[in-house]
């Protein structure tokens, strides 16, 4: 399924806690990086949108932690569009170590203007998400 | 409802991002502090449990972001037990600014041993959670 | 010496790393909190200044790590003005566990405008720093 | 000077604060990554050493902040050995945006055992640092 986008993350001390594993909030940073690089790879500039007064904010988040990652693991963050609405979309993201699924996440992005009020996703970006969502089989 | 436990958090630069608001992953640190202080207030030592080979790990997490917090806000983190199972429990937590609800969260803790395998919550701790869960009306 | 200002910090999982101790960068967040609360206690609003176009930015930093802090330690952050110049000041800060000195830090703040160029510290704030610096014996 | 080692870092929301720039503590995470990748590139496994009871801990740190980095900047972290002692070494590290120097840092690593007491740097690793330090002209 070519519509998944991958980045690679090495795990450093700053990702871990004294339980010996990656701290549960840190994955949210990795997931942000995954979504940003997905957009960049599709020609969507998050910064360009922000400069033009269009922001995507995280409205909700579901995290399922299935196994711990550890210091100096190399992880893959897989990102794909799961659902697409008029002013929102849901990303399905996975944190993988080799073939092993460590974290599964569903993140809802809402498109807002400078007033933080929802607005329709601009057409050109929408068509990018739409193509990926369709090919993802949703 | 006396079973809710509160801590207060001042917001500093390190909590925020260049969107001008508190970064979405940072609340998970505030929520960890809320759960830890809830336990401490109930006489449960997370560290003591860990030293004795009993850990509570976050197995899943639902975050609903309803409004942004900003630099130098003073927030309240409300923590209560929502559900109690044999080897797991769910916390309902809210991030409030005055009366305004900014974030709502459901966090599932699973009780595990040193091998990271689920085990029954020890009886004395269980009775604390049980009492709070009952009085919370769930 | 009454001119030192103290805050208390509990240490949580999010402060630590898999070496079992507080991560070296985390203290910089505690030190930010110490400087901010010092200012607040002296009636100086960092946010008010920023809204008026006056910012204090960290220009340099010296950290000396003398001993590790650990999960669920309660630390004190001591903050005092060490030196005062026309457009800059140096804070001496210490991280203490009881009487034990864990970290010593010298942080140079430069006063800048919206253009990030140095400017003289506004007179009313200056007099606050001056009084504290003098009484600190520098 | 071939002895400098470089990594590249993209800047994300989680690196920044509401001042619109990269938060001053975040660079310490980038610098940790730079030192770890320098070691990896030289065949030194920080994790392997830790497993064998040899740790390098940061004893002191000097940071000079010369200019701000911003969201979606791409930075380079340059790492080289500046000084080498019996049980310690100093890294000179720079954060660069293109040719522009944003941050300069000197970090002292002390080699310690499980008891956190200084010990001589093991010979095989020492010779790696030595070669790099010499060629760096120190």
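A, B, C and D are the chain letters, set down in written order, and residue numbers restart from 1 in every chain.
In the analysis below, contacts are C-beta pairs under 8 Å (C-beta built on N, C-alpha and C of every residue); 3 or more make two chains touch, one makes a residue touch a chain.
Fair warning: this is a prediction, and the values are worked out from it, not measured in the lab.
Relative to the C-alpha centre of chain B, the farthest chain centre belongs to D. Taking A-C and B-C together, the pair of chains sharing more C-beta contacts is A-C.
Chain centres here are Cα means. That of chain B falls 29 Å from that of chain C.
Chain A and chain C, compared by their mean Cα positions, are separated by 35 Å.
Shared interface positions of chain C, i.e. residues touching 2 or more other chains, are given as 13-14, 19, 25, 29, 32, 71. If each chain is drawn as a node and touching chains are joined, the picture has every node linked to every other.
The part of chain B that touches chain A in the complex is made up of residues 19, 24-26, 28-29, 32, 50, 55, 57-65, 68, 116. Chain contact summary for the complex, chain D toward chain A: residues 10, 12-14, 29, 32-33, 36, 46-47, 71-72.
The touching residues of chain C, when paired with chain A in their complex, are 13-14, 16-21, 23, 25, 70-71.
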